[in-house]
Each structure stands twice: as structure tokens, then as C-alpha cells.
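Structures incoming, each one as C-alpha cells.
Each of the next two complexes has chain A plus one more chain, namely chain B in the first and chain C in the second.
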Partner chain A sequence: MKTRLRFGYLLPLAIILVWGVWVLLKGEDTLRETTFTVFMFIGMASSLNILLGYTGYVSFGHIVFFGLGGYFGFYLVSQHNLALIPASLAGGALSGALAGLLGLAVLRLRGAYFALATIGINEAARAFVSNFGPFGGATGLFVQFSAYEAYGGAGPALWTTFIYLWLVTLVVLLASSLVKSSRFGLGLMAIREDEDAAMVMGVKAPRAKTIAFMISAFFPGMIGTLYFFKNGNVEPGDAFQLHMSIEALVMIMLGGMGTVFGPMLGAVTYQGLRGYLLTSPIFKSLHLAVSGVFLLVIILFIPAGVVGWIRHRIPLTRKLLE
Partner chain B sequence: MMLLQVQEVTKRFGGLQALSDVTFELPEGQILGLIGPNGAGKTTLFNVLNGVFAPNKGRVIFRGEDITGLPPYDVARRGIARAYQVVRPLNDLTVRENVMVGGCFGRECLSLGQAASGAEEVLAVVGLLDRADQLASSLNVAQKKRLELARALGSRPYLLLLDEVLAGLNPSEIAAMLETIQKIRAGGITILMIEHVMQAVMNVSDRVIVLDYGQVIAEGLPEEVVNNPLVIEAYLGDPKLTQRLIEG
Partner chain C sequence: MLDQVLSSLSDGIVLGFVYGLAAMGLSLIWGVMTVINLAHGPVIALGMFGTYLFFTQAGMNPYLAILLVAVLGLLFGFVMYGVAVHRVLNAPHLSTLLATFAINMILIGIGTAVFSTSPHNVDFSMGSLDAGPITIPLTRLIAALGAVLVTVFLYSFLYFTRPGKAIRAVANNREAAELMGIPSAAVLALSFGLGTMLAAVAGGLIATFFPFTILSGGPYELKSFVICVLGGLGNPLGALLGGLILGGLEGLVPAFMPVSWVPVVEFGLFVLVLVVRPTGLFGAK
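So, the complex of A and B:
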């Protein structure tokens, strides 16, 4: 058990570690930008996987935690000159706290009702922020150029933001591994398989689900702060895009839900594919429709995702992929 | 010492009276058989005992503590474990992990490592050790029944609720399962078992209670109960069961 713990869980961390170092050594702006997007989705998909893959609850509106936490963190950086790290932590904390409050109410809902409720929450948050003065209402917020000076100007600030995101991505993968290999994670997986039976076996499902929801909401809040800081502005239309939630779900399903490696593999593959779709004139306007069809095909033919499929077919890999 | 005291427990589903004033006691170390025709309320009684349903009336006292209305996970942590009538394996987890859930979250709240070694012991008792690393979904029905039992045992409960663990097993599997149940009792665990296989209940139970339309209609030693006219009458509605009762 020990050796499996080591390799299967270290592999994703090692890949991201090397990948980040490689981007830093190369030092190219376009490479940094594309990697930023990929890391962001790895972080988003891996956090959502803690709820979806381990606990079995589908959150369609998960992007609300990216949007709202990101808004709050960005507000602290741009309006109160807070440093980026504490601001993104605050953004994560807000998202986590919100999930904690919501969890008590909406995690009582099962299946489709929960999924629908999360969409409602996202739309409600968008409406709220659009009318909330301190967050700039419908026009949103901008970062003052002076805020970049603390990082040595706009260019270096982008590299710093990238490094922070890289670290957050590593922490998300670490958290995902720790949850999966822990007693807490076993309880979550029992809930996923049969919530009532799990409770009869002693799993405190309401509390465990809420904690899982909070963890899966915390990291998107941090990532949102970094993303908006990199962009230099935030507005309601950017922060609460439901289709980003759906894309994160596709990534998880594609790579293999309930695994540590799957969401990462799915994010990388999907981003690569999307890059192609967006540059191909035929698919450009259809890329969301294509990803919808894609999701359908995955659910119908490889419901366990790529990692699940490989683990099932080649028993040897069970020790290597988690 | 009385491990379990059930006092005037009543449960209604809408207009249906599933349990009416059910009262009985279960001393530590005994096997109590619970029999009754289909729909008598046996499974409902288990659901009340382990907190799935709160009763409309009445109390459940476990080891001197009133546990009426506690949520199922709090009941589990006090030492009541259950094997379901309809098996509910955690399909995508291995057999070992299924049993570890019981150990980690049951009475003793074990760490993962302790639960894993506890699971080995329990799987050996029920004869599933060679399947430990398979997914639970890959087991056949008889094995799934054993897994239900193993999972309940994994939590090292004081009281084990067995809901028709013999149903669907062939005679040799039944014999093996009964042997396992005797072993469990010898290990100091008190058992309340629902069973339709009459011969089996009569053989292993110290005492038997009979439910019919939610009421306790008889209680006593196995041989007293089978000869009770009320019991025979209750079963007459169900020819197949009457046959079994007479054969037993």
C-alpha cells in the first residue's frame, strides 16, 4: 500500500513541477499564457473532482466560487492594495465559507436537484455582483497600474502571478491526493457509492459532504483572484461563465473522475483540443456544441474516463495511476 | 444486562401502521430471532433501531442510553451495525475498503491502518479474504451477503442487526453462514436476526419474537413459538411460509 501511495500520487505533482520549471526556463510570454490557462483548468477540475469524483455530487455552477472568490480577492488587491498571496487566500476563504453555508442547505438535496441548485446559486451571485457598488456593479473593477509596481512592473507581475498559480495547482493536486488516501476520503467515497448505507455504517455524511464542498470551493476562489489579477480587470460577464463549469466537468469525465491523475489529464487534453477547435474556422463557433457531444460520447462509452479505462484494462497500472 | 430495550415503538407511514407498540428486550450475548410474514414490519423495526426512521412514539434504549431519534451515524458509533436485506455493496470500492468503512466510522473509529488489519481478520471469519482486493461489484450474490456481514462486523459492534442474510443462499451456503453466525456470537456480539428460513432461526436463536401487521404476537423459546396457534394462524395467510414453519 505504501509504495502505491508514493508513486501514484507523486506522478501528477512531478509532472506539474517539471512543467512549471520548464516554462520558467523558457521565459516566453505566449508559453506562459497558454500554460496559465491549462494550470488554471487543472486546478479547477481537480478541486471540483473532490466533490464530483470522490463524493459523487455534481456541481454545475461551481464557477461561482471562482467568480465570487476571485472578485473578492481582486477587490482586495485593486482597491485596498493587499498583496496578491493574502488576497487570493482571502478569496479562497470567502468561497470556502460560502460553500460551508450553502452546504448545510443545498447538500441535503440529492442528484439532479443539487446540480440545479448550484446553477441557481451561480446566477444569483452574478446578479448580486452586477448590482453591488463596492465591486463596481456591471462595469466591474480594474487594477491600478501602480499595483504592479510592487512586483517590479507589469511584465514581472505576470510572471509572479504565474508562479503563484503554479504553486496553487501543486497544492490542489496534493490536497486531492491527501483526501483520496485518507480516512476522510474513504468516507466520501462511501457516500458516493451509497449515502444511506454510508450513514448506517457511521459516516457523518452531512458534515463530510460540507467539508468536501468547502475544499472544492476554496481553491477556485484562489485561482479566480490570480486569473483576474493577471487580466487586470474583472466584470460579471467574465466571472460567472456557466460554460466554464461545464468544461471543467467534461475534463473530469474525460480524464477519469474520482482519480487524482484523471482531471489533470482531462484538462490538458481538453485544452489542447479546444485550442485546435478555436483556431479551426469550421469549429470556431461550434466549440461548445462539440464539447457537449464530446461529453455525451464519454458518458456513453468510457464513463470511467481515460484513467479509469486504463486502470481497468491494464491491472499493472493500478499501482501507478491514482 | 439488557443490551437493548424497545419500548412501545410505533411507526406509521401515512395511513399504514407499520409498527404498533412494539416492546421487547434483548439481553447481552443472546441471539434473538425475529420472524413474521412479508410486510409485517421487520425491516421497518430495524430502520427505527438504527436511526433511519424516528418512531412516531416509543423509545429505544441501548446500553442504558436513550438513542431514540439519533441519526444513523450516531447510532452506528454507539455500537449497532446492520446487514441489509437487499445487499448494498459500495460497488466501486474493493471488498477490503468496504469493510474498512465499517472499521473507520463504526464504534471504534479506527485509523485507516488499524481498519485495514481489522478488515483482514473479519474477511477471514466470513471467508472472503481471497477476494479482498476485488471490487465489491464483482462478487456473486452469496459473496455479497457475506460482505454485508463482514462490513457490519468490521465496526466491532455490540449489537448486530441481520436482515435475512440467509435469503437466496443454497443449503450448503446456509450451513456455512450459520456456522459464521455462531462464531460471531461466540466472539461476544449480541445478534438480532430477521429470518424466513425457519429451520435456521429455530436452530440458532435463543429466543424468538413474532411480528404480524406491526404487532408482537408471540415471544418465547423457539419451540414454544412454533406451536403457538396465533403464530400458525398469522402464517396461514402465506402457504409457502406455513409449509416452512411446519417443516421446521
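So, the complex of A and C:
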């Protein structure tokens, strides 16, 4: 697989790299917390984009992989004292494997049916975990305070988690670039444009779709483990919020689906906007309604997202933004 | 044991009629224009609050209030279609999903600001009907009857009137219907209006026996997805049957395992039916 990493692919990586270093140098707790949330959503949106943007399958309940993988990783950390890196890898692996199995069945569905099936899977998983003894049922799991000692106490543990998340975000963006610039990615985009025609042209659509689904499920599982470890607990209500899934979709739409830079830009913009609305005295109680209006305007008038719009309007940027 | 099963089953089935009614609106919109209306839940909640406001503020009989809510629901559906749906009807699925979800956010956002998320209820009781082990509050029985009535009304509208036939023609093949001189935009707006009207009426009926918040529509929306998939799309009788199956399941499952397993069974069945038979158990298409 020969890949040429052009400027457009390196730009998002460079931004996240510098941003992370800046946060580490500043060393402020509040800055770390807000950046953690932003990085988390960049990772979620970018990995979902591999399925949604490149392959054209709308996974509405994608948060299920964040929830289940996170649950599994957190279970390993809190109940079996596994270190954070192997635990989050295990969480990701569980999500990826699950996506592989589910994908065989639900990826045969197209369009809205696929979207509905993913919502159903998310609800079924939430209900199942609420009843599942080893995962603590409806009350969820907690991490023992002693688990933080391996990282030098609770404070340093949060910084360690942040660094891991930063690295995962970089890997997600790298994976997104690699997929987009590879032959495999071309196959995915052919599926997005016309699945039947792609199959005629020799794209092994069922296999390619399943692999894309697995990649896009793997990273949310890792991110979930890190997020719940940072929070110190996990419960079904937090882990399977359909709302978060849809927020990730909104970020992709906002930034531009099918691009590497778009989901990142969308995540940063959306989080910034939400932060502003939540703290502004005028919009505080109406923040959800204002975000709704904002979303509607984007869908109706700039469906290609910011990056798509800029690329369309200013041809010079086509080489710079991917 | 048998008494317990009987009473819980009858409870479930009576509720099943209302679930069916709630799903009918979603099913109609989906069947006619392949749009999954993600604002379905908040519209159900608005139906609840509409009934509540007419009942508490104007002292109106709740059933009279529901008639008014139905008219308002129809008009609201027209507005929603014009603002959010019409423009993106031919865009990829994601656009209609997100456009209706944007409406969902707007409604929930405004609703939360106006009504808060604390529970409200329509304080209205009509006694209950006893038959051996089975006790059914009369409000629920009327709601079930209402659901059947609306189904009959919708079915005859779709099959025996000109606008109804136009809706079915557009659902079948929009281009061909347009060539036959059917104004498809108006027909689509009408179907969307009818869909939201059904949701609002279902909400109004539910409000007569359950307390509710602005978020209460959510669970009914999810149940409606399940029902639509069970019953097939665009078919009012299928939706009612799907609702009865779901209600029956909710009544039966607790007799054999803890209540908290009910959603696992429901959504497991949902995914299974989607994968095995995406046109629904009774779907003809």
C-alpha cells in the first residue's frame, strides 16, 4: 500500500500535536479538562467519519462502541487492576470485534434501515448492560482510589489519561488520512457513490464495509475506556447516550463529511459554540434550541460542511485541505 | 400466577393500542417519503402538554382538548414539513435524519425552558372497569378505543378518499404520481401533517393516564421504531398490530423474568426482525 502523505493530511496532525504540547506546557487543570472533551469528540467524530464520510453508512447509534468498549476497558482497570493502555486496547478490540460480528448482519441493510438498526443495537446494549451483573448492573462500576496510585496519585493520573487520549486522537487522524489516501479508501468511496456499481468494478463491498465499520468502532472503544477512567465511574445512562452519537454526526456535518480536516474542525467549532451557549446568560436555558436552529441551517444551506464549502469556493485550498 | 399474568397481559395489550397509534404517524411518514421523523418523540410530548394546557387553563374536557390538539398537530406538521423537510427530501438520508433531529432539539430546548423537566399530569379520572382479576382504568380503555377509531378513520381515508389515494400513489412512485397530475409537494405536506397529528393525538391520550415531562416522548419514539419494523411501513393496520405485539410482550415478559429485561427483549427482537425481514412482519412491499 503506497501512500503519499500530503500537506492536507499532515495539517490536522500538526495542529493536534502542537495543541497537546501547548496544554502540557501550560499545565492548567481546567484547560486540560476542556481540551480532553474536545479531543474526545475529535476522536469520536473522526472515527465515525471513516464509516459515515468515506463509506456512506449512517451509524446513528455509534456511541454503543464507546459505551461497550469503555465498559469493558473500565471493568478490566477497576476489577482486575489492569494498566490503562492494555485495558483501553482491550476495550477497543472488543468494540472492533463486536462491529465485525454485527457488521456481517446489519451492513446488509442500506440507508435509513441501517441507521435504525444501529439505534436498536445501542438501546439493546444499554438495556443489557443495565442487567449485566459483572458490569455492576444499573449502578455501574467505580474505580478504587488505589488504582490511581500506579500513576502517582489522582492528579497525575488525570494528566496521564490526557496524554493517552492525545496520542489516540493523533492515531485516529493518522488512520483517517491513511484510509482516505489508500486503495482501500477509494473502494469505500466507490461504495458511497454507488454500491452496486462498485461491486461490478471489483470492490469486495461486504468485506470493505465490515473492515471500515471495525476501524470506526475500534477507536471509540479506546476513547471510552480513557473517558470513564478519567471520570472514575461508569453507568449505563452515561455510556449509551444516543444524544452524544448524534452530536458526533453534527460535528461531521458541520466540518464536512468525507474529509480528514472536517470532523476535527466541526468538533472544535461545535464544542466552542456549546461552551459559549451554556455560559452565556441570554442563551443558557435555550442552548439546545439554539444548537438545533444552527444545525438546521447547516443541513439546509451548506450540506457539504465548512471544509466542503471552502474547497468548492476557493480552488486553491483543494490542495491544502483534505 | 395465572391471575397475575392475565392482569399484566391485559394491561400490556390495552397500552399496546396506544403504542400502535403513536407508531402510526411515524410509519405513515416513513412509508410515504422514506423519512424517519426523529422529531416524533417531542411531538408526542407536545400533544401531552397541549392537552394539559387546555385542561388546566381552559377547564376543557380532556377528550375535547385532544380534538383541538389534533388540529394543531396537523398545522404544526405542515409548518415542520415546509421549514425542515421539503428542502432535503431528495438529499441523502443523513440530511433528513439530522434535519428532523434539529427540530427535535429545538422543541426539547424550548419545551425545557418553558415547562422545565419536572413531571406534570392531567388530573382526570373516570373510575375503572373490573372483570375478575382484570382491572382497567376507564381512561386507558377509552384511549384504546380512540386508537382503534383513529386507525379505522386513517384506513378509510387512505383507501376510500381521493386525497388518501393520492398519498398512496405518491408513496408508491412519486414521479409517476406527478405525471398523473398529483401535486406531490402538497400530498407530502399532507402526509407529514397527518403523521404529526397522529403523534400529537397519541400524546394527548397517554397524558390522560400517565404523568409526563417534555422528555416523555422519547421512549414512545423508540417503541415506535420497533413497532414500525414489526408492522411494516405505511400501513396503519400493521402499526396497530405491531403495537399490540409490543404491548403483549411488555405484559408477558415480566411474568417470566425481571421487568428490566423487557427492553433487551424488545430491541433484540427489533434488530433481529430488521436483519431477517426488513419489510416488517406484515409488510407487503
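Here is the rule we use: the second predicted complex is superposed on the first by the 306 of 322 C-alpha atoms of A that agree within 3 Å, B and C clash if a C-alpha of one lies under 4 Å from a C-alpha of the other, contacts with A are read in each partner's own complex, and residues count from 1 in each chain.
In this section, a residue touches a chain if its C-beta (ideal position, glycine included) is under 8 Å from a C-beta of that chain, and two chains touch if they have at least 3 such contacts.
This one's a predicted model, so the numbers in the text were calculated from it and none came from an experiment.
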- Task: Have a look at where A:S291 lands relative to chain B and chain C in the superposition and call it first, second, both or neither.
- Result: second
- Message: Looking at A:D194, would you say it contacts chain B, chain C, both, or neither? Reply first, second, both or neither.
- Response: first
- Task: Return first, second, both or neither, reflecting whether A:I314 touches chain B, chain C, both chains, or no partner chain.
- Result: neither
- Query: After lining up the shared chain so the two structures overlap, which partner does A:L249 touch, if you call chain B first and chain C second: first, second, both or neither?
  - Reply: second
- Counting residues of chain A touched by each of chain B and chain C, the higher count belongs to C
- Item | Which superposed partner A:G202 touches (first chain B, second chain C, both, neither) | first
- Looking at the overlay, what does A:R183 touch: chain B (first), chain C (second), both, or neither? first
- Doubly contacted residues of chain A, that is, touched by chain B and again by chain C: none
- Message: Help me check something: in the complex, which residues belonging to chain A touch chain B?
- Response: 1, 182-183, 186-187, 189-190, 192-194, 196-205, 258
- Query: Contact residues on chain C for chain A in the complex?
  - Reply: 30, 34, 36, 83-84, 87-88, 91-95, 97-99, 101-110, 112-113, 222, 225-226, 229, 258, 260-264, 266-268, 270-271, 274-275, 278
- Message: Considering only the defined contacts, which chain B positions touch chain A in the complex?
- Response: 50, 52, 71-73, 76-77, 81-82, 84, 88-93, 97, 100-102, 104-107, 109, 111-112, 115-116, 151, 155
- Item | Complex contact set, residues of chain A against chain C | 52, 56, 58, 60, 105-106, 108-109, 111-113, 115-117, 119-121, 123-124, 126-128, 130-131, 138, 246, 249-250, 253, 257, 285-293, 295-296, 299-300, 303
